[in-house]
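Naming follows writing order (A, B and C), and every chain is counted from residue 1.
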Amino acid sequence: MAVVLARPARAVAPTQEAPWVRRLLIGVVLLLLAVLVGAPLVVVFAEALREGWLVAVASLGDEDARSAILLTLAVAGVAVPLNAVFGIAAAWALTKFHWRGKALLLTLIDLPFSVSPVVAGLCIVLLFGANSLVGGWLVASGYPIVFAVPGIVLATMFITFPFVARELVPLMTEQGKSEEEAALTLGASGWRTFRTVTLPNIRWALLYGVLLCNARAMGEFGAVAVVSGKIRGQTATMPIMIEMLYNEYQGIAAFSMAALLTLLALLTLALKSFLEWRHADQLRATGRH
Amino acid sequence: MHIEIDEIAKEFGATAALHPVSLRIPSGALVAFLGPSGSGKTTLLRILGGLEEPSQGRVLFDGVDATGLRVQERRAGFVFQSYALFRHMTVFENIAYGLRARPRATRPARVEIARRVNKLLELIQLPDIAGRYPNQLSGGQRQRVALARALAIEPRMLLLDEPFGALDARVRKELRQGLRDIHDTTGLTTLFVTHDQEEAMEIADLVVVMSMGRIEQVGVPAEIRARPATDFVRDFVGA
Amino acid sequence: MSASVRGLALRSPSPIPGWGLSVGITVTLLSLVVLLPIGALILRAAQVGPVELWDVINRPRTLAALLLSFRAALVAALFNLVFGLLLAWVLVRYRFPGRGLVDAAVDLPFALPTAVAGIALTALYAPNGAFGAPLRDWFGVQVAYTEVGIWIALIFVGLPFVVRTVQPVIAEIEKEVEEVSATLGASRLTTLRRVVLPMLLPALLTGFALALARAVGEYGSVIFIAGNIPLVTEIAPLLIVIRLEEFDYDGAVAIAIAMLGISFAMLLVINLIQVWSRRMTAGS
């Protein structure tokens, strides 16, 4: 007589939740993500294309829109490289030498993260505004900072200041300084060592940091709103333009510009994912931002 | 090139890694700095290579005070404990690095660089790996590439920090003899740091036993075995 | 090895060059971009004086704005704490189609400009929006132009912080720890509660602190959906902007200092909790 043994359809490993729990959690998480993140994404394009593709594109060709786009690109074009230079210099100082005060420097570098963008803008206005010592003299000599492009650059730099440094420091700490020392013993000068040994070792992390820095720089709103004076055609960046258009009930124009920035964000994410997939070993060990 | 170490000492903060030590190293010798970790041997090696500044004392190369010489000017081939190969360069590019880093005036032609690199690859008995990357090599191969890289700049001395440290016993034995052979072929004054007394005794012309930042004894291996100068030497080497 | 720095006991000399240049660039840019502006704020605050500052802060409108900003930030950060933990767990431990896409999507709030998020969320939750209409018709709930709208906006911007800080920690948990707990008879839930969760606590707290800090100062994604009615849905950063537009610099400074002060206190508390939790879980 055959004995039929009953076995469970699938045994659950001791370190796993039951299948129904898993499915429930996945479902809940996906639903919440779709609502929280997916829906806004869809809405941007839905609103932009409400009257069709041509109307949306035409709104971007508007003179003020074009100025805003160019200004945003220009500001990022200055702020991001400067922050990259800072990031590299700070990472070099922090990881290739032995000195006290590193913790202090790291804390100071992280400072912009704990300051509201509006407060950042306020600080810059206080420092360089027309009624401050420095600012008064600058305005008189014809080089205003506040309500002008340099102020926007400064505000953007403030907000995105830590990005590149935070990507490079853990990586360069891990990589140590033996390769640089080896290059020196082989007769290479400081610059050559940096160029041929250090840079290649950090290039993907650097690119990653620059990507994040750029995305944030182009999208910065709060600080720029305070500092720029929102002068249409002159000191209005794309995010500022979006606000102005939206408040004037020009929904399609506002969402078209928003769609443009969203495409940039999506591109940034795609590049970021690619870098993480391809060069995981060269990026940071932790996935922190 | 003969080396003279004159009252070299090194402090890191409050800790004395090296008490004042003096030593004369004859030209062309293969010298082992032997001792446990913390004995100061690596510090001394790095000072000779210019990677650390001594707190006091002088270093003389061929009678000339070299204490102030920068790393790049010392022409001391250095092999690091971790080999420190340039991970993004091929073996060929690693070995050629020092030659390519020379200023235009003294840089050899591309063809000449290739010739020298290939010659070195033959010297280390790895003629076929020129196109590989460090992460494709075994530990023993990396060590030899690091050695070739240091030799490429035609150094006047060779400094090796625990050159066999990260390798398993069988590979160590093979490479040990390899180092001796390369030393005999090149005739360079070669200094290496080790904690393995068997290694030191087997291949070195001269052994410098160190402990806690001081030199305990200097002598040929046979002498150290036969007449240990202190209890420490006897215990450390006797094993 | 330059002679000029030989005498400095601040650092041990090194043959690696570039000390002067790298420190020079670092200090110059840090001062110019970050330290001087913040210094200007603190200087101005000192000039205004604590009495005047308190006077401004103590007005109903200011207090309401500060309370709203911090309360909404707290609510959002708490939600993100729970949701972020779940999300991180699912992403690390489970396999499902589209996992890579979801992982990348978590970063969207980080990469998306706040103004874009602001108008998108408003369009969604406005009474005639894709979500706002059903919510109003079926549940009688209005989201846009109320504090709930602010919560949603702050949840959006703070989402990546908890997820990204907790993810690597979950990934590093050794399976053996959970297996041991099972062999000792603990149910899965007990294992998760008493073994896994304590291991994640420091990262959770860090992520929470980051999300909170971000939410408190958030401006662009909130001002569209909030309605901005003074004393009801007016956030502190907006009040600063309004004061600036009125050229009331002292008022703006007072609110900014209040924000910085409270943020600092909050982060201090969280840091203390972190230290305490580390002490509790140390030795495991």
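As a convention for this text, a contact is a pair of C-beta atoms (placed from the backbone, for glycine too) under 8 Å apart; a residue touches a chain by one contact, two chains touch by 3 or more.
Since this is a predicted model, take the numbers as computed values, not measurements.
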{"item": "Most centrally placed chain - per-chain CA mean versus overall CA mean", "value": "A"}
{"item": "Label of the chain whose CA centroid is most distant from the centroid of chain C", "value": "B"}
{"item": "Intercentroid distance (Cα basis), chain B paired with chain A, Å", "value": "46"}
{"item": "Euclidean distance of C-alpha centroids - chain B vs chain C, Å", "value": "52"}
{"item": "CA centroid of chain A to CA centroid of chain C, Å", "value": "15"}
{"item": "Sequence positions of chain C contacting 2 or more other chains", "value": "12, 15"}
{"item": "Residue numbers of chain B (touch at least two other chains)", "value": "50-51, 71"}
{"item": "Contacts with 2+ other chains: residues of chain A", "value": "181, 184, 189"}
{"item": "Touch list for chain C against partner chain B, complex", "value": "1, 12-13, 15"}
{"item": "Residue numbers on chain C that touch chain A, as the complex places them", "value": "10-12, 14-19, 21-26, 29-30, 33-41, 43-44, 83, 86-87, 89-90, 93-94, 96, 100, 102-117, 119-121, 123-124, 129-131, 152, 155-156, 159-161, 164-165, 167-168, 175, 178-179, 182-183, 188, 191, 210, 213-214, 216-220, 224, 236-238, 240-241, 244, 249, 252-253, 256, 259-260, 263-264, 267"}
{"item": "Contacting residues of chain B [partner chain A, same complex]", "value": "49-51, 71-72, 74-78, 80, 82, 84-88, 97-98, 101-102, 149-150, 152-153"}
{"item": "Chain B residues within the chain C interface of the complex", "value": "12, 50-53, 68, 70-71"}
{"item": "Residue numbers on chain A that touch chain B, as the complex places them", "value": "178-179, 181-189, 192, 196-197, 200-201"}
